[in-house]
Amino acid sequence: MPPAHPFDDDKLKEECGVFGVIGLTDAANFVALGLHALQHRGQEAGGIVAHDPEQGFNSARRFGYVRDNFTKQSLMETLPGPLSIGHVRYSTAGSKGAVIRDVQPFFGEFSMGGAAIAHNGNITNAEELRRELIERGSIFQSSSDSECIIHLMARSLQKHAAERLEDALRRVEGAFSVVAMTRTKLIGVRDPLGVRPLVLGRLGDGWVLSSETCALDIIGAEFEREIEPGEMVVITDKGVESRHPFRPQKSRFCIFEHVYFSRPDSIIGGRSVYETRRQIGVELARENPVDADLVCPVPDSGTPAAIGFSQESGIPYAMGIIRNQYMGRTFIEPTEQIRNMGVRLKLNVNRALIRGKRVILVDDSVVRGTTSRKIKDMILDAGAKEVHFRIASPPTAWPCFYGVDTPQREKLLAANMSEDEMCDYLGVDSLRFISLDGLYRAVGEAQGRDPASPAYCDACFSGEYPVAPRDMLAKGFELKAAE
Amino acid sequence: MPPAHPFDDDKLKEECGVFGVIGLTDAANFVALGLHALQHRGQEAGGIVAHDPEQGFNSARRFGYVRDNFTKQSLMETLPGPLSIGHVRYSTAGSKGAVIRDVQPFFGEFSMGGAAIAHNGNITNAEELRRELIERGSIFQSSSDSECIIHLMARSLQKHAAERLEDALRRVEGAFSVVAMTRTKLIGVRDPLGVRPLVLGRLGDGWVLSSETCALDIIGAEFEREIEPGEMVVITDKGVESRHPFRPQKSRFCIFEHVYFSRPDSIIGGRSVYETRRQIGVELARENPVDADLVCPVPDSGTPAAIGFSQESGIPYAMGIIRNQYMGRTFIEPTEQIRNMGVRLKLNVNRALIRGKRVILVDDSVVRGTTSRKIKDMILDAGAKEVHFRIASPPTAWPCFYGVDTPQREKLLAANMSEDEMCDYLGVDSLRFISLDGLYRAVGEAQGRDPASPAYCDACFSGEYPVAPRDMLAKGFELKAAE
Amino acid sequence: MPPAHPFDDDKLKEECGVFGVIGLTDAANFVALGLHALQHRGQEAGGIVAHDPEQGFNSARRFGYVRDNFTKQSLMETLPGPLSIGHVRYSTAGSKGAVIRDVQPFFGEFSMGGAAIAHNGNITNAEELRRELIERGSIFQSSSDSECIIHLMARSLQKHAAERLEDALRRVEGAFSVVAMTRTKLIGVRDPLGVRPLVLGRLGDGWVLSSETCALDIIGAEFEREIEPGEMVVITDKGVESRHPFRPQKSRFCIFEHVYFSRPDSIIGGRSVYETRRQIGVELARENPVDADLVCPVPDSGTPAAIGFSQESGIPYAMGIIRNQYMGRTFIEPTEQIRNMGVRLKLNVNRALIRGKRVILVDDSVVRGTTSRKIKDMILDAGAKEVHFRIASPPTAWPCFYGVDTPQREKLLAANMSEDEMCDYLGVDSLRFISLDGLYRAVGEAQGRDPASPAYCDACFSGEYPVAPRDMLAKGFELKAAE
Amino acid sequence: MPPAHPFDDDKLKEECGVFGVIGLTDAANFVALGLHALQHRGQEAGGIVAHDPEQGFNSARRFGYVRDNFTKQSLMETLPGPLSIGHVRYSTAGSKGAVIRDVQPFFGEFSMGGAAIAHNGNITNAEELRRELIERGSIFQSSSDSECIIHLMARSLQKHAAERLEDALRRVEGAFSVVAMTRTKLIGVRDPLGVRPLVLGRLGDGWVLSSETCALDIIGAEFEREIEPGEMVVITDKGVESRHPFRPQKSRFCIFEHVYFSRPDSIIGGRSVYETRRQIGVELARENPVDADLVCPVPDSGTPAAIGFSQESGIPYAMGIIRNQYMGRTFIEPTEQIRNMGVRLKLNVNRALIRGKRVILVDDSVVRGTTSRKIKDMILDAGAKEVHFRIASPPTAWPCFYGVDTPQREKLLAANMSEDEMCDYLGVDSLRFISLDGLYRAVGEAQGRDPASPAYCDACFSGEYPVAPRDMLAKGFELKAAE
């Protein structure tokens, strides 16, 4: 199971996608399709829980792609019923060994019935909560922060699961888009800042919750609306009830969902993600023009921005780098060294096209910078005359604590170097990032970023964390000094 | 193992790729990499034979992708030595059940030593040869036409394998690019028409044979030259010896290699395949202009032509259809029908972009027309105002007998309908194919096609077969009536 | 993975075996061997937990035989450290689908450190405890009664795990032989009645706990002593500490361990199990003599009693039924019916030996009687003149609630028929069971069974349950009426 | 897949079993059952070929046990038709890596139709034949001697397969029991000496060929008769035709089939194999009495002889060694050495029984002597006072070239030592083998062995080879010097 994205090892990674269905026969089959469409949000593992009035709760959790597990008749038949939720998750880089117990949804049997939850985001006070719960006799099965939610629910004095979930989430800090289910209810919640996405769709008599709209499309569901930051929807056969269990706050949606995480065919805040990315390319071309022969995307995530850059600059768009559709990662390295073999397994330069040309490479971000260097090498080996990098996001200088897998701050190239130093380090003729204001303009904020009250969470670029990362601070993480 | 191309079931399919290495330590590791780069030429199965002076011949043949089989240390260690060849092959549509015995390379032990061969192409008199060989006591192990070659070699009165191979190939009709090996020699041969590609590369002290140049790139080998039509090269540690064992003929390279089979980053006849395809888009825009808002490729193979079409027409290029990078093919269909579920698993329309637009869709070819209809449906469902198909090849009206898996003639849309009828059948606002002359211009023949002596094999479009398909004629296949 | 015993489907089944090691390098490797020797006590699944000072707790739980899972270097290397426990378990007949979460050892993280437990036996008030724990916020992961113990431990107010375990087991009713571990301690406990076995062994500087002595033999450990009923041993690097946390009671060891469950090469209460079984055959011959030509065991469990019967009666012992060493259970039944195919896959009659003979068949028990009938058919088909069944246990008329998988009372042949009716039902010339007194004599009670205070638990024969089966009574199970 | 016999590595091993069926619906299902019953004759791999009038020939060949492969509905459905043959084979010790191409039945397509063959035995001039066939253009697919037969058939000038098989077998030297099939015929042949067994059975309207009668029993077929040495039976829907294509010779059936290879529930030459082995024990007790307390078999193959020894000597029979029914072979050896771990995985001594006793151990044969030593060690460790080995065959001093896997002569203990030296080497109190005359008496030759014209092939004991081992002689093997 090779990665679907060529540079997974040098990208920020969304950690989860969630999906839920109520009111459709064999709901788990829809969930499987929805998770397949959300696979880019979590490639490591997936799980589905379903409830049937006669057979009760059933669940299946598997490592690997949705398409390889949840397509088997024999498995899907064990998940009957009109109510189902599912979850896909990413591998945490460097974890000592993934275990199936960490795969969501998590399930708990309470005295008035059971509930299952699937969580996208990250709880920033999870370690504190876990310590407290263990002291009081809870037994944790996983190393996941999300498991706190189910234990908090188990200990709630509320009778029903929806109210137990409210209780639990009021104790939780950080970012969460949660899809949960009881025997009769499908529940969706977003944290007050609305950091992670969650949308509501409709299919026939059924309702659907999904991280992104692209997963509504795959099952032919109509997009209804986004769940609002701080909102909880409780869906039964009587319809959708909306609650607001949290103190209201100004929302701070993750701006990186626009840049990279979400699928280009999803719609966020009424805007096509593809179109936003193309617009980033336009802004990028305006902010950082350069004379060149070709604009080439680093496949595949740089493609929309490269198209926009080409259209704005008038420099022809071309596929200078071809991605191998059958990517692999573990071939035996032959005795005689192959230069940059890891990259060659995934990409190849279109040599006849590149030779003698001045090439603009458009990529979505620079994280460690390791693959950017290798790509530059390949392009120069192929005979390019000049290489100019244009990056569709500002320098990534701070880790995310809200559900994205980022390297430690020390490993982030932009945490250690200025833009010029990075250019030298990468060995390219020029390197330019879009400005934070430019990025805000591309996502529709005509005035750019309002420093007093930014419309998005942009902590990875700005170092301004909208929720204090309590567990990390306890471990010694240092916030950006006040300026 | 899902298909890497979204519409494998409605495409012509190249049936094989071949690769060979001599003079490099653990040559099989290079072959594995080369086959990985040639995986698009054959996804069903792969095989590698290697020879080591001490351990003799070893082989491994497996169903599935190269990356899933030939990346295991334990397997690769069983293939030591400096001389190795390999083969990837496609599944033949509708075959009752693939068997590992059909997977190449084929090996034969002769009285003066053994030899292995890997064949790309198709032998048009294979059935006749097989009957004759069985009558004389040969026992066939596979249902493959290519096995004839090894039996003909076994019965040759020549002493050495290279001469036995010459003997064998002189009996064979049809298309063949063969890579073969003995204990000390790497051999490459192309049929006199040179229908299938074969190139020679160099890496350090070693030599490489490959179906395409993209597989030289992956191991960092330098492209040396193409093997000429009708040429046999015999490579030993003394270097490359060139022979010409066949009666010379005018070459007829497969023009569809340019249109679809070869990888866009390969170089054929000195031309970038990507650039040729972009040029096809340019010709297509010239021949068949249409007023519209967007030019969208049918991913991924339509992309270069769509770029060319956009550049020539000035109509903006856009990714109106997004391919799911984790394609699957066998999800359980939920009870409530999902319209066009098969396509949705692979593609999604960028709805926010398409709505209300006049869209030009550029695809590489129309075979049965089944997926074209589904894509049109999706585009219209998403609210497009008009849909115009532009096809980067002429109507495919005749089956290929030279190593490409084509449906029977009756199943080819263009064998049964005129262009207008196809337009009606597909239900689009317009449908235009590039002309045969336009295609010839795009591949560099400024005057277009010379009907008296065409530079390429274009039988699938023209019905003019450069080699009589003897076995098929015996079964009743009818050639195009003389005009 | 076929069953090792030919008539698993018509036998009482021990549900678990436990094993633990402290003070030996890579203790898990010894545990794997010990579990292999205890495989007859639980064929469905196995699990091992190990603790290493540097790497903490690690665990692996797998379906299938120990030999197929815990022999892989890659797996065993994930279980380092000098302290390890393990568990094998049987499939519960009719369970809807075994899940890995039900496989022991169970692990819990408490506020002062973690602990793992492995349990042989059955908790007769588990459902009551589970309800209570869930009401107080515990989340159960499995459907196993044994999981109660770990939750009771988590809620104990004691600081250390050993004391928490004492607390927990005082709440528990029924039968238990528990092996547990913390970071530094190996703990063994038997319930006050000592229904299930547990022995202590020594190997070099290390200590071993095991269900049976045969598992000490496989690793070359010396048998030290049995853990006493009601005793808890806490073993650290300082040695073995003995505690007695329960109110003392007269012990009631399971007499069926002698008859069938334990391995013949184990030693229980100072007696060879093989020798006890041979003695049962002697008693059986004395109580129920019959004139015949051959004494044949029903393989393999009837063998020792048949030897004893032959020796006491003077009738020659012979292998009239041969067991297929490669037993299978799921061949496709050919169209033309094969009579008794299920039995034929496992056994064959030694036809040349049996023809015309009067045969005594010695079997260990009659449960449903289904296989006894099939064996009788095979023997008669082979031409036997007479068939006499002699059974090495009294009629099994009551289910076990102390860790043995028995059919519901309605399914037990002896619950519904008298001895004569069973004889008719089986269609044999005679059928005799050993008397309960005879069985007691064979296990060393010279005076037979003391009805006022039986030395063993013999509830499956007598219907006298030494511990009230609380959960079952709540579900309506009716005890034997007082006489 | 562990071995079913505890000492496979120190036993002579039969190399094959064959089975065929004609005239029964879905014949392959019967063949699967038959092969399961013959699994002891070949544990490594199995294959089945079936023919259906509509679907032609189909085959499946697999490594592993019959029960693990040929029980799957999906596989068995690919083998339809009323005519089927199958084969099980042993692993050849030390072969560099078994390949599926070596697994029989072998299939060949001839000009008048195809045929499949399954061969039990060994061709002593196979290498000579192979050289000759390769020179004439045959391509071998396997390293098996048996493949010669199919190539000889392919080159025969006869029209039909049965006559081609006669032609082929007349060229072949050595031992063979062959089961073959064409589209309409089931054929069985034994070599003129009749070294390997082959029997004919009947089930309803169908006919069955099998290596042993135990495989007739499993499908409920009636034993009809043995195929005679030198006989060919050709079975069609018209019945059984008997031919005698070879020059008649006095038969020399393999005496070791009686001692060890065949299953005890098979009948050979009208005698129960079990009864013959018991009689060997009787002869052994007469020839080599010893005063002792217990007679114990080395499980399982020594059991019948031990029973006979006990009955003749009056010394009680006892199970002093218990076999682990779940044998394994590859546990990780814990750091602290476990003495004789390999043996402990398979056997355990019944310590309580053995302590202080004088024990007679009855085993079927001594090959290398390695396991005999380990067993002796275990018995002495358990406290036995004396250990006396009694062996149910004469010293094995010569390799077999007729289808049995024997170590090279140098590795055979009896080739290098006298009986007394072996006794010293094994470290036992006494060691006695049955005499060759005693063995002949036990198999029914009242006068013992006739040195002028022995009734059996006993080359492994006597060094007198009834067929010159031509290939081996060419490689330097030295026959026994004339006395």
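As written, the chain order gives the labels A, B, C and D, with residue 1 at the start of each chain.
Criterion: a residue touches a chain if its C-beta (ideal position, glycine included) is under 8 Å from a C-beta of that chain, and two chains touch if they have at least 3 such contacts.
Predicted model only: the values in this text are computed from it and were never measured.
Chains making contact with chain C as well as with chain D: none in this assembly. Placing every chain at the mean of its C-alpha atoms, the farthest one from chain A is found to be D. With centres set at the average Cα position, the gap from chain A to chain C is 51 Å. Measuring from the averaged C-alpha position of chain A to that of chain B gives a distance of 37 Å. One inter-chain figure worth recording: chain B and chain C are separated by 62 Å, centre to centre, where each centre is the mean of the chain's CA atoms. Multi-chain contact residues of chain C (touching two or more other chains) are absent. If touching chains are joined by edges, the resulting network of the protein chains shown is one closed cycle, each chain touching exactly two neighbours. Interchain contacts (touch definition given at top) occur between A-B, A-C, B-D, C-D. Every residue of chain D that touches chain B in the complex is listed here, in rising order: 78, 97, 100, 108-111, 131, 134-141, 150-151, 154-155.
Within the complex formed with chain C, the residues of chain D that make contact are 2, 4-5, 24-26, 29-30, 32-33, 36-37, 39-40, 43, 65-67, 70-71, 73, 76, 203-204, 214, 217-220, 263-265, 267, 271-272, 274-275, 278, 300, 303-304, 307, 311, 316-319, 322, 324-336, 338-339, 341, 344-345, 348-353.
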